[in-house]
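One chain, chain A, links the two complexes that follow: it is found with chain B in the first and with chain C in the second.
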Partner chain A sequence: MNRIGKRYGENQVLNDVSLRVKPGEIHALLGENGAGKSTLMNILFGMPVIMETGGYQGEVHIGGELVHIKSPHQAIEHGIGMVHQEFMLIPGFSVTENIKLNRELSRANIVSRLLGHDLETLDTDRMTDDARTALDKIGIAISEAEKIKNLPVGYMQFVEIAREIDKSGIKLLVFDEPTAVLTESEADILIGVMQALADEGIGIIFITHRLAEVMKAANSVTVLRDGKLAAYRETGKTTLSELASLMVGREGAEAVSDNARDFPADSPLAMEIEGLHVQMPGEAVRGLDLKVYDGEILGIGGLAGQGKIGIPNGIMGIYPAQGQVTLFGEQLPLNNPKGSLKRGLAMVSEDRRGVGLLLDQSIEDNIVFSAMQINGDFIGPAPLRLKSVRQIRQKAKEMMEELDVRATSSLQPVGTLSGGNQQKVCIARALTLNPRFLFVSEPTRGIDIGAKKLVIDTLLRLNRELKLTIVMVSSELLELKSICDRIAIVTEGRVSAILKPSASNEDFGLAMSGIEVKGESA
Partner chain B sequence: MKTTVSQKIIAGLCFLVALALVVVGVWGLALRQSEGTFKTLDKMCSYSVMSAAHQPLVEQRVKEASNKAYDHAQAEGFSRNQRRDYVAQQEVLAREEALKELSLGFGQTSPGYEEAILALDTGLQGYFEALHKEEQAFLAAKGEAAPPPEIIQEDAAPEAGADVALEAPITEDVIRPVIDDLTGFVPSAALKAQLEGLTPQADKLLEEISLLHPQLTTELLASARQPVMDAVRAKGDNFETIYDRGIKAGADSVLTGRDPLMMRMVREAENLLYLAFGFVVLGFSIYYFKPVVKRLGTPRFIILLFFLLLIMLAGLYSINVPNMITNILQRLGMYGVLVLAMLPGIQSGISLNMGMPIGIISGLLSTVIALEMNMTGISALVFAMGVGILLAIPVGYAYGLLLNRIKGSEMTVSTYVGFSYVSLFCIFWMLLPFRNAKLTWALGSGLRVMHNMAGNIGGLLDNFLRFEVLGVSVPTGLLLFLLLCCLIMYLFERSRKGVAMIAAGSNPAFAKASGINVDHMRLIGTTLSTVIASVGIIVYSQSFGFMSLYMGPQQMGFIAASAILIGGATVSKAKVFHVILGTFLFQGVLAMGIQVANAMIDVSGLSEVIRILISNGIILYALTQAGGKGRE
Partner chain C sequence: MSELNRPGIDIGKHLKEYVVTYVFLILSVVFIIISGRPMNDILFQIMSRLVRNLFIVLSLIIPIITGMGINFAITIGAMAAQVGMLLAINWSITGITGILVSALITAPLAGVFGFLIGSLLNKMKGQETIGSLILGYFANGAYQLLFLFVFGMIIPLNTKVTIVGATGVRNTLDLTINQLQGAVDGVLRIHFSTALYIVSGLIVVIGLLLFLTRRMSRKRFITLAVLALASVGVYLLPFVQPHFANVHVPVITFILVGLLCLFNAGIMKTRLGQQFRAVGQSRTVANAAGINVNRVRLIAIIISTVFAGWGQILFIQNLGTLQTYSAHEMVGLYAGAAILVGGASINRATNGQAIIGCLLFHTLFVVAQDAGTVMFGNPVVGEYFRVFLCYGVIAVALVMHTWRTHAAAGKKSRLQA
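Now for the complex of A and B:
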């Protein structure tokens, strides 16, 4: 039924991707974060962001007919519906009202005859009937009069689905990670609903990270990787592991560095984490155990939202945390940023501009800030005890040379630096603390390729020369593979596997999908 | 940041024009002292005298023409309106004709006439010197010799000097050269007699005039005596006045050759110099446009230019510039410390501390306590500041605890906390058990609204090491105190705590990640702001000369906030430099703007309206500079 082939210009977020969905088919769309899934769906829906950035290349066909969708409204007219990841529902309205929002059925009355269509009376009975029919179709036994805010989270998803199928002439329905917030039994019901809808001849695009669900529900799969089409497979003719490696693997990515070293299980520990819980919105950690050997570079990978970023933020006391953390044999008090810093922990934050820097202050002030506050360095003699500009400038000069920070002078405000140079200033600030243990969170996010390599090389050098233990959290598996000794994959707030950098893409893919990997755990 | 070629050319042109203006202006000033100019000026003066002497004759002819026209109109049977118009028209024509005919003889002089003018002039000069002396003596006796450099009052009346005297109503033959001003000065009988004694000289002059112009009868001349004396007296005035009078009387017709142009140049010499100053400023601001704008930011650049424009206008309108600079310096010192109180608030992240009245009231309370104990002098000042600080610390701390609970809406809440606190203290001012009769209402209990600082702490800082230079009186002690406060803040900014506080204010997430207790830093900032405000109001009161309780402190927060914003601070970032620049610009523009506007719009009673317009205008402008950050 649909024959979609498009390219999306300029930045080449999508390059020559095709997607075909037959009527009555459940088609899974797989890919890592940033693989281009959202962009593809935005094109399909004619989201304004696409038009504003210069449109797209390629063609969209619906029912064999060439269409050019310019707005979400047109998308709806063409029979395309979407179930959003974040619920687009009004909590204070009833189920019926939400289903019928902006498509209300109405009767004419005296006022509306005078003043126009907008003032017609709502036909509550017919609306209730329609809502009931839609709910029945997906087999959900909730009252159509219930307010949305009183429903359990899982059911909101079903209201969204009901709303989409209530639209007449729906031909294609997109589910954007519908199972992310659902419990397992709810997810099963959902998959059942999807199958029922498919049986009625509606095409379904199912976006997910969970490979197991794909195998269970989908008829066919399209895998995207780095904005390119990685593969098209019939579910029947593929395996979990093949999909996993398709999702993760990159061409030329097999050049795993030979930096990795082996640490025997009885090596001295730098840090031991037991039962760590961190309440970081969107990155919650739920009972994580992890051991970090002294002097190693440990990578922490995993998909976005699984909790990998919550680990350093929790241990550094930035977000509320619970659990046991031992640092070099000493108990670490949690929820106490100063305490963590004083014990020789340092962190380069993933939120460079928000948490990592004082944007309107100078490079030198940024570099020495933490050391001055925590260790009392760079302070002049009593009685005034002012900051010592001479010492600060000298330290800043050293650091800028060592890390190759490009700036006019150490007095330049960091807000005016490029992303890469800002990141180096962040690293310089952490190093000025003379830490024993360094967390580096998403060090290469938002910086260009040259700067990426510099940052990675710097981390490697620090580890080898200063024997600094480094835990690097990153969404870029390739990056982790290039310098880490071991890589822990975090799924749903726990470590699902600890792998060697040389482990296969298949293993990484499976681990990211939350499937226990036996094999080569380090 | 390079200055472009066109900028250089335009700036160069400005400098050239300025140079030309300076040359012409200086030449003109030099010519004022030259013999030739004096002669020409004397000619113009004598012309004015002659014109004054002929005035009654002109009026007489006009009257005749008017009567004739009336009769004619009656005869023709005009309607009332027609008649009125016709008569008015004929009067104008007659006046023109008379002046045209008579003025031909205005330039005529005789040695006797010139001698007579000189004699009368000398006599009048002697009289006015004596008058001035007597007035000074009177004022000294009254205890306010030579009114001190016009303090500050926005509504201070513009000098009621010579202009008023000239237009003073003139009675039959008693001359009142100086109107009875507000000081209550009345010339003594001896002086009046001296003036009477000048009558023979005046009569001699009139006689000489009648010799020259026989058509002026004694009768006509008798009524011309007063205008003639006024015209002669004008000889003692400055160049501009004589020249302007001469021109008004039509004296340029007696000038020959290049004289009219030269005289005009001499007349405008000073104004040309002011204009040259303007062009120099314009040239510099074009040449250094980019670096200066980068350093100061566009708004400050605009305000600075406006400020310089006001100085130029002040010169053009002959406003006493040194007095004005004195005024601005004093305002700078007076408001500086209060504006400084905004600084730690902004730096610690509570944005503009609109709850400043909380600190101000602590300062007021401590001062009232000092007065209650009849303290005076330095000890009163030190006591007031010390107790003020001690009172401000706990209140500021408590206020800080409140602000920590309402993060994100500090500005709104603090404004209303300030208002409520002021109102709360309106009750306390009535109830607190003060007994000193100097402070309480004459009837009943409670503190009065205004308290005079004279005799206790008034002017203590202002007059410390006060000196005068080029007519500018510098309140050294006041400015030194402001600098001291700024220095302390500057040093604090560079201490470990200060660095941490600024970080907590500019990026709380960063500060938290660096192990800093953000709430604690906000408490420090709020307390510091409150303490500085309490000291600030004491400095303000001693300089202003009065202390105002009750609703007095309510608007202070707005004034201080506007000043620091004008200085270039934002609601999340500020430096000591912004405090000084902002106070200077705000108060400078306010003080000068009012004077200049008063001079330009010559309507009395408008000054209060203009004051409100300008000060609120600046506040409004300043708040637009705060940016949208306050809403985040």
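Now for the complex of A and C:
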């Protein structure tokens, strides 16, 4: 397998990235979310997304031969296989049936001679033999007749691998974050399997964010950052910490907060979280402990899918949660959105258009909606209890001035506002509840740079002037560094480190890959 | 991995899965006792209803396995069949030839309708059950227009099938005139006892052959043989036998039903069957494996619609009259309810469940009216009860499906957490 170099379209998601994998080599692909790993793999697989958006630049060579892969089917013909992050297995089928799905072996019968290939009888015996061979090759002692749903999660991965190697002529196998769902011992077995496959001359691309595994398994590493090639290293000639800073590091870390404050360990607590579990799909929290001091701005960072967004959603009762949460010394009942709001918690959701706003309603209605429902504000005297338009308008005016919401009037539907202004309305809505504690989840997602700064400044001002405790969840480390007093990094549903904004990129990188940071903790 | 194979049957789980079936079984027994109707008569009725309905119920299986829920749009297949029969009557084709002609006309018609239904259902994935139900109602309107106006006015018809002094097809078509009544059933009728002996004998002989050629496990062979011999034994008991005195079995119809069962089972052993099952369990995974999901679903619906059409022909020839404007109306609902009673669910169904469901559903249908009369002095109450049961079963099945899906999802996320 020779050099694969390519660039990709309009938005320059990938810019002049090269990736080389030799036969029998395990090559790790590292990068933060949005670094371009998936795009690169999509190109390799000829996914329809790529073709529909105008193809790609650059060249793909397989075995020294220039190829142009236009569909997943062609990719398979060229001997490229993929072990998916989300298991592509059918739970009610046996291991054999899954390995052979849509590649069943069959015998012709009378009906099929008349009506075609699809009606051929399945040759169960030969299929079983093939499946057994594939399973033996990777040395996994599961029965080929077992149903997938009866297997432990870790073993499903091995069935996927068996399926890929059962395809004839496999040359390159891509593992997309294979160890994310595995226990440590299962991950060790997997790495063993990868090495065994590599010894047979199959090239392996190993996508992961667990640096320790890269050091252990891979022969060489490519690091992507912001769609560009950040580095190519041989594993033997690099260190964990070098990789960590390569993955996270942006040059010229301008805006590190100069106003980060120190909170002594015995400062009064605003919130104490113990053993929090949240069942939020794709963002599960698994037994998280965290303390939030009264009056601070705490940042929560980490890679996507690690559970950072699950924290506010769980505590606010939007997704099912278990655990102990104490708010200002008082036990907070979980799974009760109304209860959370009544106790002075408020949240600016990351899903602005879905959960955060009533898009067809006016700005003023959006601003007062929660307060009317929860606190009974802005409602006229009994018995009619109509909503008090005068009060509402006044409050909306106040808020719009304070947060600088740009709109023609407070009656404009929020759906017609820009992203930044919508976000400000969300904040205004949260503030109208007169909260004591504010969660802000991905506040700058999808809004332009100018608006970002305004939102961040507003949060800082609210914290300083109103003494509002703020927990800000964000994927943008720079943003967290620019405003927070402390930053908690969440990996695999738990806090892996709490760092000061001034901590080094290396420390943040290591924390994000779940490695204990010895450096400067806060 | 052997510890994962839980040996034996988990009785609690079994009861949970088949709760509807057992409730129906108990209700049937209670109602039979209450109704006070002679067993002889009840068994006769059940047999004739079973003959009528089984084929249609079996036509529901493939779409269920393909994950499209209960195809209530088989109503439209029934409409196609009625067009076929109308034409056969109109052209004065008699007897078994008439039935064959109807079937030949039905197949392409139902096939085209199936294609259209399937195309629409492919656009509303996840709502196929309700979609097909509403589609059936919609088609009913088009059907009325066709039979009241198009036939007779635009397509000329023989006066013996049109309304006297007006356009449109008559309300009721008598099949006896063309000797279409019982054209299939009547070819060969044997007494229940003969049928039982033959079927039991066949099961034992074929089972033995399969067992000897190692294509059937010993356990399965013994179970089947014991069941077959036991049913003969039970039948021969002196207080059982007389109740079956009136019960005759139409051989050809049952052979057709048997062939459909074999088809349903056989197709699952082909590539196409594997695709049905894969698509039914996970469209995403099937798609990733390169299966054309929409095509597979389309085929499932076409097959189901054509079979339902043929089933309706068997139904009407058994009944002997064609209620032109209402014969198709309850086809989907009754068949759907019957298969659900047998323990099938929105995404899982077998031949056995279809047969047991059909048996129980019709047993209750037969005795509900009399039981109503005895209990409340009013046959209408029994009638209401029948309708209540029919819709009730469907509602319960839909609710239980949603509930199970949620329970499974909850369990899954707990495992991950």
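Here, the second predicted complex is superposed on the first by the 520 of 522 C-alpha atoms of A that agree within 3 Å, B and C clash if a C-alpha of one lies under 4 Å from a C-alpha of the other, contacts with A are read in each partner's own complex, and residues count from 1 in each chain.
Going forward, a contact is a pair of C-beta atoms (placed from the backbone, for glycine too) under 8 Å apart; a residue touches a chain by one contact, two chains touch by 3 or more.
Note that this is a predicted model, so its numbers are computed, not measured.
Partners chain B and chain C fit side by side in the overlay (superposition on chain A). In the superposition on chain A, contact of A:I90 is made with chain C only, not with chain B. Within the superposed three-chain model, A:G329 lies out of touch with both chain B and chain C [touch as defined at top]. When the two complexes are overlaid on their common chain A, residue A:P268 makes contact with neither chain B nor chain C.
By the touch criterion stated above, A:K338 is placed in contact with chain B alone, chain C being left untouched.
When the two structures are aligned on the shared chain, A:P281 is found in touch with chain C, with no touch to chain B.
Between the C-alpha centres of chain B and chain C, as viewed from that of chain A after superposition on chain A, lies an angle of 50 degrees, to the nearest 10.
By the document's definition of touching, of the two partners only chain B reaches A:L386; chain C does not.
The minimum CA-CA separation between chain B and chain C in the overlaid arrangement is 7 Å, rounded to the whole angstrom. When the two complexes are laid over each other on chain A, chain A has no residue in contact with both chain B and chain C. On the chain C side of its complex with chain A, the touching residues are 1-2, 4-5, 267, 269-275, 277-278, 281-282, 284-286, 288-291, 413-417.
Residue ranges of chain A in contact with chain C, taken from their complex: 72-73, 84, 88-93, 97, 101-104, 106, 112, 117-122, 141-143, 146, 150-151, 153, 181, 277-279, 281, 284-286, 320, 493.
The part of chain B that touches chain A in the complex is made up of residues 491, 494-496, 499-500, 503, 506-507, 509-510, 512-517, 573. Across the complex, chain A meets chain B through its residues 316-318, 337-342, 347, 349, 351, 354-361, 365, 369-370, 372-374, 376, 379, 384-387.
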